[in-house]
Amino acid sequence: MHKALLAAACLALSSLPALAQEVVLGAVVPLSGASATLGDDQRRGIELAVDKINEQGGVLGGKKLRVIVEDSGGRAPSALDAAKKLVTVDNVPVVIGEYSSGITIPVGQYLVQEGRVHLNIGSSSGKIRGLGDGSFSLIGLDNVSSGFAAQDVVDNKWKKAAVIVPNNAYGQGVAEQFQKAFSALGGEVVTTVMYTEGQTTYRRELQQMERSEPDVYVYSAYGKEAATINRESFELGINSTPWYAIYLSMCTSDADPKFVQGQYGLDLNYIGPDGAAYEAAYKAKYNEPFKTSFNGYGYDAVMMAAAAIEKAGSAAPKAISAALKEIGNGYKGATGDITFDADRQRSKQPYLKLKIEDGVQQR
Amino acid sequence: MVQFVVDVLIRAVDLALIAIGLSSVYSLIRFPNVALVQYATTGALLALGLQMAGLPLVVAAIAACALVGIIAVVLNVVVFERLLRAGSAIAMVGSLALSMVFSAIFLVTAGPRPKRFELEINPPLRFLGARLTEHQLISVGISALAIGVFALILFRTDLGRCMRATATNSVLASATGIDTRKVTNTVVFLSGVMAALGGIGLSVKGEMSAQLGLDMLLPVFAAAILGGLGNALGAAVGAVVIAAAETMVTNVNFGPLFGESVLFIPAAYATAASFLLLVVVLLIKPYGLFVSEVKRV
Amino acid sequence: MAEAVLTAERVAKAFGAHKVLSDVRFRIGADEIVGLLGPNGSGKSTLLNIVSGFSRPDAGEILFLGKSVAGMPSHKIARQGLVRTFQLPSMPHRMSVREVLRAGSRDGAGLLQAFTGKGSDDAEAEELIEQFALAPLAHQPASSLSGGQKKLLSIAVALRSRPKLLCLDEPTAGVHPQLRGRMVELLKAFNKRGVAMLVVEHDMHFIRELCGRCIVLDRGEIIADCAPRELTENERVVEAYLGKSVAKQKVSA
Amino acid sequence: MIRVNKVRAGYGDGPDILQGIDLTASGGEIVTILGPNGCGKSTLLKCIAGFVRPRGGAVEMEGRDVSAVPVHEKVKNHRMGFVPQTDNVFSTLTVADNILLGARHLPVAERNERYAELMAQYPSLASKQERKASALSGGERQILSLARALISNPKVLLLDEPSAGLSPLMMHEVFAAIAEIRDRTGMCIVMVEQNAFEALGVADRAYVLSLGKVAIEGRAADLLADPAMRHLYLGGEPPAAEGKPRFAAV
Amino acid sequence: MFEFLIHVAIMACLYGLLSLSLNLQVGFGGLVNFGQVILFGCGTYGAAIAFSHQLGPVAGIALGIVFAVVVAAAFARLGRNLGADYWGIATLAVAEVLRILANNEAWLTGGAQGISGIPLLFGDMPRPMGPLMTLGLCLVLLLAAWWLCQRLTTSRYGLALKLMREEPQLAASLGYDLAALKTQTLMVAAVLAAASGFVFAHYITFVGPDQLVSSETFLIWAMVIIGGSGNHLGAIVGAILMQFLFAFVPFVKDALGLPSEYVAAMRLTLVGGGLLAFLMWRTQGLIPERIGGKQNG
């Protein structure tokens, strides 16, 4: 037991920053557990940004930038272990992360308490807004994406919508925000189904929705659930009614093209000024197109943090936070223009309106 | 109505094969083997691996079932025979631990993303107003066949008689010239095959992932316990009951009762329904619906 | 005879169509040691189970210290002072002999008493350890004892609970002969201190030495209730044990 | 046929329950093992059968050491039959299945022939062939269990308390059946009994165990007349000459 | 590093409490509880619900204890006539049902988004003092719990528990009310778990249903079995060991440069493999139960 501790402590010491030679940031993402695919993709975005900055000569006059990426395991206690390690051991000014709202919130709260900068790159729960000064969201919260989706659905002249989302923090947020925005625009959400993740079938949920005879199915799902729902909507033949996906690529990446033919949806826009180059770099490094829609936020987070450090001329959290507020006004990111509102949340986000017609097409 | 029956049936066969495996092993070694749900995932992943290696799906599936059966026997001999000496509760906790090790292996070998067999996909068939796909039909058919064969083995063969004899009274079985250890391992093999077949059936209809087994854990246990652990065919009935309960919760429109057109119990409670049913049944019939003997510890 | 500690009236029990006990009635005085005899399958164990609450009678009444205990859960009966031992006592793996003995007494075994109670000296348990010759084994796990030693321990632990009536199920089975005499003395001593006993036993010497009175069961009925030495003269008893032909031969011989 | 040589045995880490037992039994005789509860008589039978492996000494059948051969092998190869105490039928199986299970290793023709013979032998079973064994009475179960052991035509038959739980009438019937088997087949039968005097009525020889050792052995008829037995089972004054019960001296 | 160690120590203490609680049930009462995490959840939600209704932390701990005792009573009621393995599954099912409730009844629990912003217990204190005070509180709690358990199990009450664990029939024949013993044990254990949950909620400052998944229960099981079931010190050592191993897995990963899937697999293997290995080769754990114990006499 003592030996194990000693060994671990030695390892910990060896990972301390080589003094002043580099600037170290931290990230907490789910590299294991149910959201591991997404977390891994977030990490790719972070890596690409680090590579790019160091290629361009680093920060603060030639210091290397390094980001320590920790695994949250999809558990709040492990995520906090990781965040505390980053703050108290590695002493990083900025921590990027997490993916699930249920984990991002405690991590963000901790970072704000510690006076560090928190960059949210994956959670869209409305509760993120209340984390306090020092916490920034690079991703539009539920109200942004759901508002956009509601407008898009109304524009397509669909009046009755059936909503199906996972029964977790993300899904509950989307459902609530979409309902709000959609009713405000004169639409009616005829049924909302929150499915429990981890089932082998969602036939019954889908059939329940079918009874309410909607004009459109609005959904957001990921991983195995997305694949199952798309397949079963096809099998049940209810894909003859239009389907609208919030984050189309996330919803359909694991599905057979046949199942999702004809779906509408919104997705994140990578074609910012920096976007095309970023997409090319991603393909070059990982030999595949974007795995999920989330890597870009990791990339932007590191790029913005680096820019803020440069601007502030210091790696002190307070200075970085102040600089971020200034930068975050039309910053040209890979995910489009980034502008923070008074609560440091991304106020709008350029989304793509997409449709799947023998592959993803822009509408 | 027809759709309801079809839905119940499709869900029931998801659960039935694994539940039967669980129950029949329990009848011989007297502890619920949690790892069985992981054997299902192993079967599906092995079959996929073999298919990707170039085997036709049918061959791959058969080979995977056999392999899983062998794995089950090896684990029984190496792990569970040892654990059982310390008692059935220890063996059960051990099987849980083994499940976690399985999860770790799946993560490293197959990764976290969902996968599908390479299969032709066709639009659904219509049958008396109900929709079902070819794959669902095949899966239901194979499961029904497997259950039938299992019932035949159990009730019409020498092996089946030996199985039932050993389950009823293993001391007497040895005294009758039955090699009870061999019979037990044969049943363990069969349970592995059934579980693997269940996993493959599930994946033919849909997706497989590292999580598949653990996601099935509670519903399968609910089915097996409802049928009375140790009663193999009771488990099949239990699966139908669980499937019906879940389907009722999600698909019965309570709207008319409350003067609204559409009112459902939130789908989020579909899984809770089967667990609640399990708890209620255990309260009323402590050893399941189809086991009448009450053994007091 | 002192006043009755246990009274059974018209007790009956059947398993399916098989009548195990019918119309059993007897009483045990507070100062008595009564033997319960009978061939295998005569219903002795069932009667013991019913009296101690491990089985419910189909009919009849059982009064313990004037209170009806028929059908009461076993632990409640035990709390009133009617304690039994088992034919094949099974003992814990992870408790020492001493611990098991101390657990015999429920004094201070309440949840709150764990905090209010004083130290755990248990002179009575120590005394029993000595009396039952368990001292050299006191630290050992109780399950490691031999069958006879377990039997001694089970009697000792039952006595530790200070019963008013102790039901012993074959107390000498597997016990070394040298200890049997000692056991008779011990049980008699406890009897003097006010413990009535009902003893199921096959060893007739033991019965003759220990018991003042015997009840003999055959086919679920009481066929004799007499002093042990009268048994060999009782034709029904001899018949029940030795068979009809033997009975004739023996009794007439 | 059977030779038990200085066998010691026990369970798990427990002490020796058998402390050096010698016993022989040959074809055509019934040997009964008697003694009070806990004396080790069931353990001895289990040792002979192969449920319990001796810690020392040996069990021989037909001259071969079979101490380490498990029960099911003996049933198959050495043609041994074993009838356990009380719980001795497969309650969930039919009567026919119960019996046929005992003859799994026989050729079908022989099996059917033996089965037919047994049905003729025991008409009470013949009328209930398709009933579940759980529906039988205690005596019928005992007969069924005998039939199950007999169908493979064993050379050795081991019986653990065949009279347990039976009414005296039934007990007589079962013992009569056992004696008949000996007379007809010349099998070597070893049985453990508690009802000593009933058992001695049919047995040829007997061993009385006490605390894991053989206390008395001899011809059944002698034992029956032996005052020590009466003394042992019913008490009374000990035989004059010895002053102490005989078993304690052994 | 210092503050990180404080954090890990705080978490180790909280897990230590949970481990003590489970050990009391499993190691002493022989109660195979697979729903342990929900007793912890009673404490977290007690704190969270009190906070969201502007009640103070005192109301929070009271609420948590009330919830926990009610759930424990329900567990005990279920256990009255179930065998150990059935009961294990039943507690798992009840825990899942309660988690699903917490996930859906947003009016009370905040739904899947949980309840955030729960104040730190020593948030007003200057920087290193706050966490140190929390650690102090946790240590005091852990020591108090250890003393309580020690007192319970070395008393006559503990003897009764052990006797019930191993020879329920003997215990009943001596007049012990097994149902009452089980209920009391579960309730005491529930209070310990709720205390852990309460402090956890005020330390993490966020409470949500994702914290109550059943894999957390199995983690606690691993702590108890590896540490040594039936030994309080063992349970605490198991908890500390597992928590430190978990916390330092990232360091090992940094040092060895392992890919991400391996980190997850490593954690699963630590829990599952460790548990299995101990069950198979050292069932008594690192610090075995003391037979005959320290008690004088």
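Per-chain residue numbering starts at 1, and chain names A, B, C, D and E are given in the order in which the chains are listed.
FYI, a residue touches a chain if its C-beta (ideal position, glycine included) is under 8 Å from a C-beta of that chain, and two chains touch if they have at least 3 such contacts.
Nothing here was measured: the structure is a model prediction, and the numbers come from that model.
Comparing the CA-atom centres of all chains against that of subunit C, the greatest distance is found for A. Remark: among chain pairs A-B and A-E, A-E carries the greater number of C-beta contacts. Between the CA-based centres of subunit B and subunit C the separation comes to 49 Å, rounded to the whole angstrom. Per-chain Cα centroids separate subunit D from subunit E by 54 Å.
The geometric centre of subunit C is 29 Å away from that of subunit D, both derived from CA atoms.
In terms of their C-alpha centroids, the spacing between subunit B and subunit E amounts to 31 Å.
Counting partners per residue, subunit E has 100, 103-104, 261, 264-265 as the residues that reach two or more other chains.
Each of the following residues of subunit B touches two or more other chains: 107, 112, 266, 268, 271.
Pairs of chains that satisfy the touch definition comprise A-B, A-E, B-D, B-E, C-D, C-E.
Listed in rising order, the residues of subunit A touching subunit E in the complex are 1, 4-5, 8-9, 11-15, 31-33, 36, 39-40, 43, 68, 70-71, 73-78, 80-82, 84-85, 87-89, 100-103, 105-106, 109-110, 113, 125, 127, 130, 167-169, 171-173, 194, 196.
Remark: subunit C residues 52, 54, 73-76, 78-79, 83-86, 89-96, 98-100, 102-111, 113-115, 117, 119-122, 125-126, 138-139, 141, 154, 157-158, 161 touch subunit E in the complex. Remark: subunit D residues 13-15, 17, 36-39, 137-138, 161, 163-168, 194-195, 197-198, 201, 210-211, 224, 230-236, 245, 247-248 touch subunit C in the complex. Only residues 151-152, 154-160, 162-163, 165-167, 169-178, 184, 188, 230, 289, 291-293, 295-297 of subunit E touch subunit C when the two sit together in their complex.
Those residues of subunit E lying in contact with subunit B across their complex are 30, 32, 77-78, 81-86, 88-90, 92-94, 96-97, 100-101, 103-104, 168, 215, 218, 221-222, 225, 261-262, 264-266, 268-269, 271-273, 275-276, 279-280, 283.
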